[in-house]
Amino acid sequence: MPEPSASERSASEPGTATSGASIELENLTKRYPGSADPAVESVNMEIKAGELVVFVGPSGCGKSTTLKMINRLIEPTGGRIRIGGEDVTDIDPVKLRRKVGYAIQSSGLFPHMTVAQNIALVPKMIGWSKSRIRNRVEEMLDLVGLDAGEFQGRYPRQLSGGQQQRVGVARALAADPPVLLMDEPFGAVDPITRDHLQDELIRLQHELHKTIVFVTHDFDEAIKLGDRIAVLRERSHIAQFDTPEAILTNPADDFVSGFVGAGAALKRLNLTRVRDVEITDYPTVTVDDPLQNIFDKLRDSGTNEILLLDKRGRPYKWLRRGDMMRAKGSLARAGTLVSDTVTRDATLRDALEAVLTDNAGRVAVTGRRGEYTGVVDMETLMNSVHELLEADRLEAMEAQHELEEARALQTHAEQEGVGGEEKA
Amino acid sequence: MTTTPEVEEEETEAAVPPTPPKRRITWQKLTFLPAALVAVLLATWLWFNQAHLDAISKNALSNGQVSKALWRHVQLTVISTFFVLIIAIPLGILLTRAAFRKAAPVAMTFANMGQATPAIGLLALLVIWLGTGEKAALIGIIIYAVLPVLSNTIAGLKANDPTLLEAARGIGMSPLGVLAKVELPLAVPLILAGVRTALVLNVGTATLATFGGGGGLGVLITTGITTQRMPVLVLGSILTVSLALLVDWLASLAELLLRPRGLEAGS
Amino acid sequence: MSFWEYLGNRHQQLLTDAYQHASAVFQCMVVATLIGVVIGVVTYRSEWAGSLATTATSTILTIPSLAMIGLLIPIVGLGVPPTVIALTLYGLLPIVRNSIVGLRGVDPSLVDAAKGIGMSRLARLMRVELPLAWPPILTGIRVSTQMLMGIAAIAAYASGPGLGNEIFRGIGSLGSKNALNQVLAGTLGIIVLALLFDAAYVLLGRLTIPRGIRA
């Protein structure tokens, strides 16, 4: 069964309060003078508290503009914004922005201030005491994985791109805002650093449960990070607003499937872990076993090979019938070494890669300390993927059905008054 | 796949190691120019001590006229620079605000035309209008130096990266806060360069004050030329040059000291 | 006498002065540009040489023009020589500084590209680097010219040529009826010259800066 999405997880874990706030966008519109068409037209969206929603879409679709309207860096020309239930469309924008974290692509760190001074900016503006600010700066640096002692006094130009981004996120979170807006924050770093930063964000989100709105043009990033993804077309019209699984398996129209791109099934593999699929068990022996036992097992097993474990129970070698014979009875020379293993935390994509590179079509699964826990082979993988895709499709169809039902009920109610519901 | 060891790797490999803070004022900067000036002044003084000056020269240099001229020159420079700063910098800030953006090119055109005016002509016109003396000289000096400071202030503020300013607004700074905490500190290097130019310019324009009866070291120079006494002329010139170089040196130190830390080298 | 009458009366003298003023500034600008660009080309590649050149020429600029003239008189006498030397020296800094900044500002990848297609050092300089550095150099020339216009006026005090003489005539006769006319004539004359030169530079820029790099 696939892992519950982040928002469901937070609801089911007792005692983990969401520190995020819900966001409602109602008919949000932005018109620039001199342009016939609005840049953003009538966006309606509800973002749950503690959710990580990704806005994804082609350049010029207005996703950054929509994001910037949430903290009113760009003032909307129409519509309303509600954060945590409170209408913030007309309040003092400066006060609003102090309650909303904002992280941008070039990190936006002020070069003339140290890392500590940058992070301390918003708390200072709000009026925290010096000692509270000092502690908070250390806490934030810790949170984003930077050593406080080493980095506090440094200037932005002395940091690498990845480090600057981390500080940018730390600054955005410093005043503990319930909402965090991120505008392509990982766009300007190399792919390896981007990967790390994405992992860090996921970890952060598990800890903090903020409501995060994340803008990117990279759909793979959207799948990796988002609880829900809003695929936007021109003027920020919402083509589809749903979980990554649903979008992958059931794109709403050609635009969305074009955006998803080829390889939806492969991308889907990134969303499931090895622990979620069936792991077969292979017959195993250890190096300590007497040779005769090993021979017997080889002969009696239904499979072509058995797995030889070392003294600590870790996968050591694959043994096939005839290997022992060829090695003239010496265990040390028999069999092929295990080249790669995966853990239960690995994605199915990693497992597929390992299975493909090993030309026997299977890979050993190990536990926390590297000990053998099972084997995943090509057949199991294929079966599991088909099951997953089917389950997704069914879920999406069900959701669609429920939506239509709800709409029908509403239409009935509108047409025939309250009693109409009961009739329907 | 655990990420922690890879994160550490990333930091040690990719991080730019912090350079040991360069001493902002190297000993060369500290001593070279003053030493040269002292040497020149000493040489001059020694020469004058042993030179046989005739009556006219002696007359021109006697009774503390030299120190009076020097002191007046310093006064003119300092007072005018003060006024230039309080006029040009706020004006520069104003002209870069969104509301006044359209006025900026117009103002700059006026200022440019002002710069095309020869200082001596401007001073002369002011003297004709206001009469001889210190006032005309001061006003002339101030007008003349407003342009470089104004244009540098505007250039410095315009050069600020707009994404940084957006980030400042985005995290909740009020417009005044953005100006004071981000825009101005980042524009300080260019503004200071403009101030330094203005200071030196003012020393120069103040030499012309003599033509309007405003005093200053120019008196020695003109006296030397009209009476054809080289010693007087040379003394006036050397003192003027020394003052100008001294002021420039002090301003360069100020530039170094006041430049925000994070903006050094490579920016 | 009104200003226009004065102009009418003295236009011969004024035109002569104006011509000499412009000619002195122009010739010194040409020399300063040549020397300045050469200095820039020679020093821009090395950190210390460039700094030295910039610092040396900027030191010249800190010297007030009257004082510079005062120092030159004992050496070369009165009249044209101190004027020419002073103007050329003062004209150097903006050119040198902008040449160095302009040449250093050429995108290194472009220089590499030129190297890569086999251009010699001289060819690279003449066909890639200098043309790309030309806009800032032209700006330097404009700034320099404006400056020299004013300095030439002061040089007139040491019997140098130009419209400065008119201004000093006016100063010399302060209080008389013609003083204002003279000062005004001299000052406006210089302003007009400066504006004319500036317009000429803009035109020069249009003609010589390739469209692709026009600001």
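Note that the chains are named A, B and C in the order they appear, and that numbering of residues resets to 1 at the start of each chain.
The definition used in the following text is that contacts are C-beta pairs under 8 Å (C-beta built on N, C-alpha and C of every residue); 3 or more make two chains touch, one makes a residue touch a chain.
Every value quoted in this text rests on a predicted model; they were computed, and no experiment measured them.
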Most remote chain, CA-based centroid, reference being chain A: C
Per-chain Cα centre nearest the global Cα centre, belonging to chain: B
Centre-to-centre distance between chain C and chain A (centres being mean Cα positions), rounded to whole Å: 63
Chain A and chain B, separation of their C-alpha mean positions in angstrom: 56
Chain B and chain C, separation of their C-alpha mean positions in angstrom: 21
Chain A: positions in contact with at least two other chains: none
Interface residues, chain B side, partner chain C - complex: 113, 115-122, 124-125, 127-128, 132, 200, 203-208, 211-212, 217-218, 221-222, 224-225, 230, 233-234, 236-238, 240-241, 244-245, 247-248
In the complex, chain B residues that touch chain A: 1, 3, 6-7, 10-11, 14-19, 163-164, 166-174, 177, 181-182, 185-186, 260-263, 266-267
Contacting residues of chain A [partner chain B, same complex]: 68, 71, 73, 94-102, 104-106, 108, 110-114, 121-122, 125, 145-146, 154-163, 171-172, 192-193, 196, 199-200, 343, 345-346, 350
Residues on chain C engaged by chain B in the complex (per definition of touch): 59, 61-68, 70-71, 73-74, 146, 149-150, 153-154, 157-158, 164, 167-168, 170-171, 174, 179-180, 183-184, 186-187, 190-191, 194-195, 198
